[in-house]
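In the two complexes below, chain A is the common chain; its partner is chain B in one and chain C in the other.
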Partner chain A sequence: MSEYVIETQGLTRYFGRHCVVNELNLRVSRGSIFGFLGRNGAGKSTTIRMLLGMIEPTRGSARMLGRDSRELTPDDRARIGYLPEGHHVYGWMTVEECGKFQSEFYPKWNDEVFRAVLSHFRLDMKNKAGNLSRGQRAGLCLALVLAPEPELLILDDPALGLDPVARRSLIQSMLYVTRRADRTILFSSHLLSDVERVADEICVLDRGVLRASCHLDTFRRQVRQFLLRYDGEGPALPDLPGLLESFRTEGELSIIVANLDSDGEARLRALPVRSIEEVPLSLEDAFVSYVGERGEKSFFTKDLEGVK
Partner chain B sequence: MALLFEVHTGSPSPIYEQIETQIRRAVAAGRLSIGEQLPSVRTLAEQLTVNPNTVARAYAELTTEGVIESQQGRGFFVAKRRQTLSEEERLRRLDEAGRRFLDDTVFLDFPLPELLRRLEDLSTEYTKPPNHNP
Partner chain C sequence: MKSLFWKEWRENLRWALIGLVVISAAMAYTLRTDPNDYYGSNREIWQGLQSGQFLMVTVFGFPVIGLALGFLQILTELRRDQWAFLIHRPVTRNEIFWGKAIPGSLLYLVATGLPLLATAWWLSQPGHLAAPFDIRQILPGAVDLLVGLGFYFAALLSGILPGPWYGRRALPLVGACFGTAAAKLPEFPLAIEGVTLTVLVLLLAAWAAYQRFGLFRGQPWWGKAAALLSCLFGLSVLSGWFWVGWNIVQPTKPYTSTNYGFLKSGEVVVITSQANWYKSVVTLDGKEVQPVNKASFDWQDFLNGAYLSIRDYPNYDYYRSPRSYFDFMYVYGGPYSWFYVQKEKRYVAYDRINKLLSGYMGPGGFATPADETKAGHFDKPENTRAWSDSIIIANNGAYVANFMAQTVKNIYPPAPGETITSASQLYPDNGSSEGPKNYVVATPKNLVLLPEGKPSLQIPEVPNIRDYQLIQVYQLPGGAKYILLYSPQNPKKTQNLLREISSNGVVISQRELPNIKEEKAGISFTAWTRGALDPLGARLWGQALLGVNGNTMSKPLWRLAPETRAYQLKFWYASLAASIVCFVLVQIPLRRIQFSGQRIRWSIFVFLFGVGGLLTFYIVQNWPRRVACASCQKKRSTERETCEHCGSSWPAPTRDGTEIFEESQA
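Let's look at the complex of A and B:
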C-alpha cells in the first residue's frame, strides 16, 4: 500500500486563459488529517474536483489511492467519501429516504454510523431534508458521507455557515473517523481555529500556486515575528528573502518573516538596536501575513523535515 | 483526578504547548501528585476535541523534561521530580520567563524589592522539588 493516498504531479488547470491551479505537487500521507488552506478563489475546489476526476487537468496528473484520478473505478469511488461545498440535499426526501437512497450506491454501508451522526446533530429520520436548517443539513450530508466508512474523506469547506455547536460536532466526527489509523481526511477551510484543533498537516494554496505544504507546527515555527526597539531613526532593514511584512512605529519596528535561516537571523540580531524580541504569532496571524496583500513573494517552506 | 484542562485556539501558543504548560503547572502546584496517572492520549484528545497527535506531542515533551513518565502499556504518570534539562537550558528558560514577567509588571511601577517579596509569597503555593540540582 502506498504511503500517500493523494499524490499530484504538476497538476494544472486553466479556465480559458486563466490559470486556476498551477503546477501543483501535493502529497497526502495515509492516516493524516490534512488541512487545505487558501483564500477564496485560490483554486481549492478546482483541485478537489480534479482529484476526484470530475474535471480534467489541463496538464499534469493526480493519483488517488494509487490510481490516476481520470481512471477511478466504481470500487475506488466506494472507498472515497466526498462532501461537496454547500451541503446540497434532495429536499423532497426525508432524512431516512436520503440514507436509503445513498446506501444503494455503496457495498459497505454502516447504518449505525449513519444514525450516530444524525443523533449527534439532533436530526429526526422523519424530517424533510428541505426543511432542515443549515447546520442540520450539514449533519445529514456528513452522515451520508461517513456511513460508507470511506478510507479517504474529502470535505470541501464543511464548516461553511455552521454555528459553533455544529462546527464542534463536525470536528468530533472528523476525529472519530480518524480513530482508525488507516483513515485519511483532506478538508478545506477558512476557519483556522478548526484547522488548529484537528489538522496534522496543512498546505497553503495562493492564486493557484502551492506556497506551503508541511506539518502544522512547522508552518507555525517558520513564520516568525520580531519586535525591534531602538532610539532615534532606527536601522535600515537588512534584505531578508522571506520578509512578509514590516511595520514601523515610533521607536519600534515589527517584522514578520518566513523561513528565516541562521544567516538571516544573525544579520537581524546584529542590527544596532536597543532590543530585539521574538513575539509568537497566532496561526491566524501567521496565515494572514503569509497570504496577505503584503506577502507577495512565493516560496516553499522547506519541509517535511519531521516534527518530533 | 479532577483536572480541568482547557485549550484556546487563536492563541500565539500552540495547543500542545498549552497542554504542556497546564500539566507542568498542576504538577508544580501539587494538584497532580507523584505517581498519579494522567488521562490517556485518546481520552484527553476527546475531552478537548483536538487531534490526538497534539496531546501525544505534549506528553512526549513532558516525558523528555522528566515531568511525567510512560509506563509500558499502562499509560502516563507524574514522575518523581528530577532535573533533566541542562544548566544552560534552565538558565535560558529562566531568563525567558523573567522577561515575560517583567513585560507584564514593569508598568505597574513597583520597586524591584517589592516585586521580589511578592514573588516569594506567591511561590509558597508551589511545592519545592524534592531533589533539585544544587
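Let's look at the complex of A and C:
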C-alpha cells in the first residue's frame, strides 16, 4: 500500500487559453489532514475535480488511492467521500430520504454515523432538505459523506458561508472521521483559523502554481516577520531572497520573508537600525503575505498632507 | 441504479404530468366537432387521429415535451456542485446515463403515449366521431412519438456536450429534426426506418457522450459514429432550412404550362396558363382566340374532360392519410356522413347528429346495421380505394352510387375475362349537375361510353393503345359527338392522338397532334450548389435504401429512364467534385500529430460526406490549445508532454525563492 493516497505528476489544466493549473506535483500522505489553500481562482476546485476524474487534465496525471483518476471504479469512489462546495442536496427529499437515497449506493453505509452527525447538527429526519438553513444543509451533506466511512475525504471549501458555530461543528465532525489512523482528509478553505486548528499538512496554490507543500509547522517556521525600528530616513532594503512583503511607515519597517537563511538573517541584522525584532505571524497573516501582492509598500502621514 | 431511477422519476414526474395535461387538452381541442359544419372549418375532423390539427399536436407537441423533459433532467443538474454530487458515487457512468434515460423515456411516454392511446380508445368507441375508426390510424401519431423520443435524447446529448449553445450543442437538437423530416416520408417503412435511425443515433451519441462527459476523444467507436451522424443530421437539416430560406428570398418565376384544350365548339386549341390564369389561347393554325365580352377566359369557356387510364397504376397511399383505410365521400346534404371503407369493401354511413354507425351500402343496396348482410360487399381486393366519390370499380362491374337515394347501380358489367381500369362521369356540357348522367369506362384495350338511357358505345379500338397512358374524353353540347385525346406514354416515340366519335360510336376523324414541348430550363447555379452539397455517402445510402425498399414511389438510379438518369448523374458528379475538394482540404489539419493513426479514417469520412463531413470533422474534435514552444518557438499542443517539433518537455514553473517544500518534496 502506497504511503500517499493522492499523487499528481505534472497535472495541468487549460480552460481555453487560460492555464488554471500548471504542472502540479502534489503528494498527500495517508492519514494526514491536508489543507489545500489558495486565493479564489487559484485552481483548487479545478484540481479537486481533476483528482476525482470529473474533468480531464490537459496533461499530466493524478493517482487516487493508487489508481489513475481517469479510471476510478465505483469501488474506488465508494472509498472516497467528496463534499462539493455549495453543499448540494435534493431539496424535495426529506433528510431521511436523502440518507436512504445515498445509503443505497454504499455497501459500507454506517447509519449510526449518519444519525450521529445529524444529531450533532440537530437535524430532524422529517425536515425537507430544501427547508434547511445553510449550516444544517452543510451538516446533512457532511453526514451523507461521512456515513459511508470513506478512507479519503475530500472537502471543497466546506465552511463556506457557515457561521462560527456551524464551522466548529463541521470541524468536530471532520476530526471524528480521522479517529482511525488510516483516514485521510483533503480540504480546501479560505478560513485559515480552521486550517490551523485541524490541518497537519498544507499546500498553497497561487495562480495555478504550487508554491508550498509542507507541514503546517514548517510553513509557520519558514514565513517570518521582522520589525525594524529606526530614526530618520531609515535604511535601504537589502536584497533579500524570498522577500514577500515590506511595509514602511515613519520610523518602522516591517519585513515578511520566506525561507530566510542564516546569511540573509545576518544581512538583516547588520542593518543600521535602532532595533530589530522578530514578530510572530498568525497563519492567516503568513498566508495573506504569501499569496498577496508582493513588493515594497509604504504609508507616511506626510502623504496625507494636502488631502482634503 | 434503482435509487437513481426513483430519484429521476420523483424529480421529474410533475413535469411529465404537466406535459400530459397540456397534450391531452390540445388533443381534445382538435377533436371538437360541430355536426352542422362537416364541410366547413372542421371538415377534416372525420380523419380523427390523422386529421391535420391532431397531427399538428403530435408533430410539434411531442418534440416539445421530449425536449422539455430532457433539458429539465440535465440542465438543472449540470450546475457544478449538483453535478459533482450526482456523479461522485459508486456507480458507473453507464448507470448514471441509464439512470436518467430510462425513467426520462418512461416519463416522456407517460406524457405523450398515454394521451395518444386514450384518444385512440375514445375514438374507437361508437358515438364519438361520425367516421370509421381503424387502429392503423394511430401509426402517424406513434411515429411522431418516436420522433419526440429522439428530441428527448437530443436534449440529453446537447446538455452534456461542451461548447457554445449556438454551435456544437445546438446541432443534436437540429439533428433531431431529421426524424421529423423522415416521419413525413410517404411510405411507412421508409418513415419508420428514418425515424428509428435518427432516434438510435441520438441515443447512442448521448450514451457515449455521458461515458466521457461530452468529450469526443476516448468514446467507443459506436459512440463516435453516432456523434458524427448526429452532427451530419444537424448539418443536413440546417442546409435544408437554408435552401428553403433561399427559395423564399429568390424572385419566383410563375409556373407556366401549355396543354391542348377544347372550346365549347369542339375546336382544339393550345392553352397556355400562367400561375393558374389563362395567358393565351391559340388555334392549331396559330391564331390567337380572344374571350367574348370579357377580359379573360375562365374554365367555363372550355369543355371539361373526363380523365381515364387504361393501366392499373399501383396505389401509393400516404401512411399519414386516412385514405389508406377509408375515404370520405363529399355528399352535400342528407343526414349521413358517407365513407368508402376499404376493409369493408362497401360504403358506410354515420349519423352526423348521434355519430353512430347508421348503415351500409354495397352492391345489394342500402342496409341498416341490423341487416347489414343485405348490402353485400363489392367484389374487389381489400385495401383498394373506391375509384372516385361515387364510382366503384370492382371485378364484376363499375358501380355508381347515389347517396341521396341510397342506391347502387352497376353501369358496366365487363365481359368474361375483361377488367375495368378506370371510369368517370362525363361532365355535362353546361357545367351544371343537372341533365343526363353519362359515363365512360376504360379497359386495358378500349373505352366504352355509357350515355344515360341509351345503349353503350364501344369506341373502335386503337391498335397501339398500350403506347398511351391517359385518355381525355370530352362530350360536346347536346351529346352530338365526343372528342377523345390520347396522351402518349413516351412523348419521344408517340404523338398525341385526337379522335372525334359520333353519337352512335363511329369515328368521324382521327389525327395526330404534335406533342407540346416543355421548356427545359438549364441547371441553375443554386441547383448545382445543392447537388454538390448533397454528400456522396448520403447519395449512396439513399440508393441502398431505395434498392432495399423496392416498392416505393422513388426509384434507384439504375431503374431510372436513361434520360432522367443522365440528368441525375450530373448532380452525382457535382457531389464527387465537392468530395474531392474536401478530401484535399482535410489533409491540412490531419498533418497534426493528434491525428496520427486516424488519417485514413478521417480522409474516407470526409470524402464520403463532402462539405458536411469536413464541417463535422472540425465540429466534433476537442481541439487542444496550442502555444509557442519555449525551445523551438513553434506552436505545440498543450496536451502533449513533449513538443511535437523539437521534443522538449514543458518548463517547470519559475521559482522565486519563496517556495516552501518539505525536503523530501523539494
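As a working rule, the second predicted complex is superposed on the first by the 294 of 308 C-alpha atoms of A that agree within 3 Å, B and C clash if a C-alpha of one lies under 4 Å from a C-alpha of the other, contacts with A are read in each partner's own complex, and residues count from 1 in each chain.
Definition applied: contacts are C-beta pairs under 8 Å (C-beta built on N, C-alpha and C of every residue); 3 or more make two chains touch, one makes a residue touch a chain.
All figures in this text were calculated on a predicted structure; none of them were measured in a lab.
Colleague: Under the superposition described at the top, does placing chain B and chain C together on chain A give a clash or a fit?
Modeller: After superposition on chain A, chain B vs chain C: fit, no clash.
Colleague: If we overlay the two complexes on their shared chain A, which of chain B and chain C does A:196 touch? Say first, second, both or neither.
Modeller: first
Colleague: In the overlay, answer first, second, both or neither for which of chain B and chain C A:280 touches.
Modeller: In the superposed model, A:280 contacts chain B only, not chain C.
Colleague: Based on the superposed arrangement, let me know which partner A:165 touches: chain B (first), chain C (second), both, or neither?
Modeller: neither
Colleague: On the A-aligned overlay, A:33 touches which partner chain: chain B = first, chain C = second, or both, or neither?
Modeller: Only chain B; A:33 stays clear of chain C.
Colleague: Could you look at A:74 and tell me whether it touches chain B, chain C, both or neither (first, second, both, neither)?
Modeller: The answer is second: A:74 touches chain C but not chain B.
Colleague: One more residue to check, A:270. First (chain B), second (chain C), both or neither?
Modeller: Neither partner.
Colleague: Minimum C-alpha distance between chain B and chain C after superposition, to be given in whole Å.
Modeller: Closest C-alpha pair between chain B and chain C: 18 Å.
Colleague: Show me the chain A residues, by the header's touch rule, that chain B contacts in one structure and chain C contacts in the other.
Modeller: On chain A, no residue contacts both chain B in one structure and chain C in the other.
Colleague: Name, in rising order, each residue of chain B that touches chain A in their complex.
Modeller: It comes out as residues 9-16, 42, 45-46, 49-53, 57, 60, 99.
Colleague: Given the complex with chain B, which residues does chain A contribute to the contact?
Modeller: These residues of chain A touch chain B: 33, 168, 171-172, 175, 179, 192-194, 196-200, 217, 220, 277, 279-285, 307-308.
Colleague: Which bits of chain A are touching chain C when the two form their complex?
Modeller: 10, 12, 14, 16-17, 19, 22-23, 25, 27, 49, 52, 54-56, 58-60, 74-75, 77-78, 80, 82, 84-90, 92, 101-102, 104-106, 204, 209-215, 218-219, 222-223, 241-244, 258-259, 290
Colleague: Note which residues of chain C are touching chain A in the complex, please.
Modeller: 2-3, 6-7, 10-11, 79-85, 87-92, 213, 215, 624-625, 638-641, 650, 652-653, 656-662, 665
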